[in-house]
Amino acid sequence: MALYGVLLLAGLAAPFVVYPVLMMKLLCFALFACAFNLLIGYTGLLSFGHAAFLGGAGYITGYVIQSLGATPEIGILLGTAFAALVGLVMGWLAIRRTGIYFTMITLALAQMLFFVWLQAPFTGGEDGLQGVPRGKLFGLLSLQDDVHLYYLVFAIFVFGFWLVRRVIHSPFGQVLQAIKENEPRAVSLGYDVNRFKLLAFVLSAALSGLAGSTKVLVMGFETLTDAQWTMSGTVVLMTLVGGMGTLLGPVVGAFVIMILENKMGEIGSGLASVTGIEWFNQLGESVTIVTGFIFVICVMAFRRGIVGEILVRLPKGKSSTG
Amino acid sequence: MEFFGVPLAALPSQLLLGLVNGSFYAILSLGLAVIFGLLNVINFSHGAMFMLGAMLTWMGLQYAGAPYWVMIFVAPAIVGLFGILIERLLLRHLYKLDHLYGLLLTFGLVLIIEGVFRSIYGASGQSYSAPEALSGATDLGFMVLPNYRAWVVVASLVVCFATWFVIEKTKLGAYLRAGTENPRLVEAFGINVPVMVMLTYGFGVALAAFAGVLAAPVMQVTPLMGTNLIIVVFAVVVIGGMGSIMGAIVTGLALGVIEGLTRVIYPPGSATVVFVIMAIVLLVRPAGLFGKEK
Amino acid sequence: AASAQGTGPVRIGFITDMSGVYADIDGQGGGEAIKMAVADFGGKVLGRPIEVVTADHQNKADIAASKAREWIDKGGVTAIFGGTNSGTAIATAKIAGEKKRVYFNMGAGSSRLTNEECTPYTVHYAYDTVALARVAGKAMIQRGDKNWYFLTADYAFGHSLEQDASEIVKSSGGKVVGSVRHPLGASDFSSFLLQAQSSGANVLALANAGGDFVNSVKAAKEFGITKKMKLAGLLVFINDIHSLGLKDTAGLLVTDSWYWDQDAESRKFAQRFFAKFKRMPSSIQAADYSATLTYLNAVKAAGTDDADKVMEALRKTKINDLYTKGGTIRADGKMLHDMYLMQVKSPSESKTPWDYYKQVAKFSGDQAYNSLAESKCPLVKK
Amino acid sequence: MSTPALEITDLHAWYGESHILHGARLVVHPGEVVTLLGRNGAGRTTTMRAIMGLVGKRQGSIKVAGQETIHMPTYKVARCGLGYCPEERGIFASLSCEENLMLPPALSGGGKGMSVAEIYEMFPNLQERRHSPGTRLSGGEQQMLAVARILRTGATVLLLDEISEGLAPVIVQALARMIQALKARGFTIVMVEQNFRFAAPLADRFYVMEHGQIALEFEARELAERQTMLNALLGV
Amino acid sequence: MSDFILETEHLSKEFKGFVAVNDVDLQVRRGSIHALIGPNGAGKTTCFNLLTKFLTPTRGRIVFNGVDITGDKPAQIARRGVIRSFQISAVFPHMTVLDNVRVALQRQLGVSYRFWMRDAVLNQLNDRSLDLLEQVGLREFASELAVNLPYGRKRALEIATTLAMEPELMLLDEPTQGMGHEDVDLVTSLIKRVSQGRTILMVEHNMKVIASIADQITVLQRGAVLAEGAYDEVSRNPKVMEAYMGVEASELEGAH
């Protein structure tokens, strides 16, 4: 609990210390990762199609705000709803298979949506959906000011995080765990496991959507990057690095990966100047390679992720934060 | 005389072209199926191995002057060895864990392999043209079929069915199938399973590489050529279901043809048709057309 | 943030795709071209050192935008040079516009940069899809190739290429007999090509780019399409030709804004570039070089790096260098310059490595680009 | 006295973290039938799995016909002439009943195995269901198959884990006769049994396991006087 | 309502021509312990699979409490109060013993889809859970993780969770399989205990168990009913002896 308090304060103070826009972007991805983690961490379902929700919600929100002049909150609402809907359909199909099949199906369906976005007229293809205004919250409070927007984003993130936590510690969460542990037994206890999985999937999708919608507001545009399968991979990596099945893990993971992606160049040249090894200067141009290595290392040696590792080292009991 | 707005005359040629693509799908999904069978790993890096096959073919000619006919054996061999290395050093340590880790690992490998090749050879691709013996085309009456495409179909069919025969009809195949279920026990019968697994992975990726070699003259040879393809192949695998080897082959070919037809009937849909079919199959037959899941 | 203005070094931020699909046509080569220009300029302007910072946006608009913001707010960057990929370009242009910094774009083709999305600070330097389409259209019609069939990448970029070209074809007396749309990154083009073949057109216009373009050309060759039809690539870079090889591309018609072998000056530049990268510069990389000089001259002329003043100066100057002769920058930010229709040489014609093109037609900037009247840019007072 | 067919000294075994066997020892002479008794979780299955090298980690010494196998990979151990019938039967779903039967290769290290005909004679069900997928067989049929499978290979030392489990009394009796037959043919047999009555008349010697150690060892003839102690240990 | 809780009529199952269950008319009397025995491959497990719809019958109908449930789905049947235990022990390994039972109880509460609710609401189930654990003698293990229980106790826990569903009819497939004698006795008496006010249908090869608790026995052979009746009746039936118990049957009884 104390930890959460500290984090909350840190979050509130952040915009005066860190660059607000970067911070907002980080929060969006953190929320995205948390949503993803809700699925992998607590139902054991590995989705490789979560980009569909991030991107999809992004496009919808961007579109209704820009072309239909909706207010931000409406935009976000619609975006999230859309993601939930996509989640419902996608889940409904994918849940029919388990394990690796589930993964491949989500991947394939997301790819299908990617082509839809690519070809749809309003998304602007590779130009992207550009110039989405931040508008006025409830038609009143202008979000032009980064700090205003920041607190909105922060509030949204906190809400999302709280929701994930609640879901896990709810009667529903209990059943999810039971299903994860021994599915046939859960069936024989009279639970319709697929409906539980589906609900979990939809929740995860909706929250991912929320992240996507918020992100559009922050960045002011939506591009195919968010809907591409590589994005689905990125969120997996974030969760893996931070620690699957831990509450804070995804947040940490998201921060680490995002900072890597944005600052690889600096990091590289930094290392180069420190170590004097020229090669590091190329790091900036080899983000994918580095990401790949992180993936491999995590899978081989570091499966608990950062937070997971910390938790196992902590004395028992405190792990409630995990 | 028309068929979904396709002049009937054009139909056979389009079917044939579909078959050509189908044979790529077939080999790739076959490789995936074989690997999945014994290792329970969905080899995400399959596309990268496909790319390696093609790149090696080009490099062979570029740096060693090795012609197509040499590389068609050498490239898969090299990739196979590379696969064996991966299995030894990495995959091997994941079998005890949830299968998902295998997928994640191979995904990481994709990023590395493609990234490395891209930073060395760039993304704009290399030129490679079909061997003399296969250049030119044959007039089949209803169409002019480039000889090379014909070769692709023949070669892949031969490879596919050879593989099918070994796995379904031989003792070795029985070991493979048994190992698929309970490797430890099979080992307890005195069969050297670790080596079997290693070779299987090697063989699986070699298949991918073989497809890559076949693709080199007809597709742009670039470090990224595998990525999009593999996702479609995943869909193919879901449609076919991992149940049977034959399933992988047949589905691969069939979907190639269907996709081909869509290119004529409704071109904008050709990118998504496979995924749509996947969705439909999931509705009516969740286990996939040839799937053997409870 | 304005600290950069007036004092300290003049800092150019160059952001493009350094690792992705466009890395070859711009990427590090582009960065190098810029540095060469800075060196040739003397490394100083207004007595202040010139610095170049580069970044890889990995084709992600997010990253491009964040970088631009950061550079401007914290990095004291006075001008941003943007490379390939329209998505990143437009995103960056908006930031630059918002924060009052000069933004040059070389790599991106989208004409939106100087229409819907135009800002007072954008200079769209190298080419846009409209120009490519028009040049190809006009030139080929003039050469008597009147019946067109389009093989179009099925997304915004392809659509606009096809549309712009069709308009020109129709308006200059040709006709479009049909078109087929293929998905981005299609694995196989043969079935699309057979449809084109049966159309009876004599021009097959390829309204696609990169891998798609390369694969369609390969297949076209394989299926003997090239015997019956003339292939016209609407967006082709010399690197594509290189990766296809002359065997498959001989006779192909392409539009481009610059060719390394077009005159002595460009040859000289090209050799220097080749020495570093073992390949000849693309038109974009040449544009990167040229744009840098143009910018620095403007700063010199304006006597400050203040964006408004620099833009003023830019609009006054005529650009004369290895990239273009008499190029001018218009109110909507478009840089008008000559465009060329080139034909790919046959292996026998090609004497030296990278000796790929022969020029078949040349169009002056105002023939090639859309007119101010047509521009959808609100800045253009009509 | 000839070299023991199987000699285990100070055997330790782990599943992951948990240390299951604590220095078990066991000697089986050629042609002997030895039974491992013990409560659930005593570690008998683990002992067998440890012999085959199927546990997470093992330590100590396991000699098969005088040859040390502790450091061998599983498949090499098997090739020393061991036939293992696991507790969970391990029938392969993707193989037909007959393919299951034919799967284990003949062991170079081993002697004469039983012929398929003999096996079908012993287990008529198997012949009847020969073409249906392995796991489609009933629980008991699978058990029969699991045993039959290793009789073919010519393994001389058989490790049988709870083979009478879940079998109808008639079949159990058949199995009893089979064991006697195998013994007559000179097979060496190590059985894990819950079903004491089944094991009693067959075994030459008994080991009783407790908490991963051998708590008691005695000859068949001592059975009577050990009865009370056994009751204490097993709660028979 | 008839005093038969479960009846089957002409129940049959074929697998590609092979008849596993052949025209079986079962009648299970309410409140009794009914045993299903027979040689291996007789079709016992298949019967169970049919009754719980893990398999669909080729022919025949299943009537539960006078209602035809032949068309129901497994989950539906479970909700009707027909609960089945598996041949291998089925618990939720990494949940505490208490939670194992609570998850089972939770369904009746009807809050299982309420993802916005605190799980504190489930505490109201603790008492109920604890006295179920009491019944199977696991109360003191309430806070243990299920994995750490020894085999017999896992079985007991499974039965406790099964009880939590307030089953009218429990189907137990070889409940004592793979158990040491202690556990066998423990479970046997447990079954006897929980049979109060319930009906139990069980498959068992252990004659001792059958003898001690079964009220009614149905012997299957080759999918068809061979004999029916009380234990001593059936066990003396020569056909049964020959087909199942074998000559030494009487001796074997004592065996387990």
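The letters A, B, C, D and E name the chains in turn, as written, and every chain counts its residues from 1.
Following the convention adopted for this analysis, a residue touches a chain if its C-beta (ideal position, glycine included) is under 8 Å from a C-beta of that chain, and two chains touch if they have at least 3 such contacts.
The structure displayed is predicted, hence computed values, not measured ones.
Annotation of subunit C and subunit E: jointly contacted by A, touch as defined at the top. Of all chains, the one whose CA centroid is most distant from that of subunit D is C. Taking each chain's centre as the average of its CA atoms, subunit C and subunit D sit 76 Å apart. Our note on geometry: subunit B versus subunit E, Cα centroid distance of 48 Å, whole angstroms.
Mean C-alpha positions place subunit A and subunit D at a centre distance of 53 Å. Distance between subunit D and subunit E, defined via averaged C-alpha coordinates, is recorded as 30 Å.
For subunit B, the set of residues touching two or more other chains reads 115, 118-119, 232, 268, 271-272. For subunit A, the set of residues that touch two or more other chains comprises 115, 119, 285-286, 288.
Contacts with at least two other chains are made by residues 19, 23, 154, 183-184 of subunit C.
Touching chain pairs in this entry, ordered by label, are A-B, A-C, A-E, B-C, B-D, D-E.
Subunit B meets subunit A in the complex at residues 36, 40, 42, 90, 93-94, 97-101, 103-105, 107-116, 118-119, 231-232, 234-235, 237-238, 242, 268, 271-272, 274-276, 278-279, 282-283, 286-287, 293. Touching subunit A in their complex are the following residues of subunit E: 52, 74-75, 78-79, 83-86, 90-95, 99, 102-104, 106-107, 109, 111-119, 121-122, 161, 165. The part of subunit C that touches subunit B in the complex is made up of residues 19-25, 154, 180-188, 190-192, 194-195, 198, 210-211, 214-215, 218-219, 222-224, 237, 239-240, 242-245, 247-248. Against subunit A, in their complex, subunit C makes its touches with residues 18-19, 23, 28, 54-56, 58-63, 65-67, 69-70, 73-74, 85-88, 90-91, 94, 110, 112, 117, 154-159, 183-184.
On the subunit A side of its complex with subunit C, the touching residues are 19, 21-22, 25, 115, 118-119, 121, 123-128, 130-131, 219-221, 223-225, 261-262, 264-265, 284-288.
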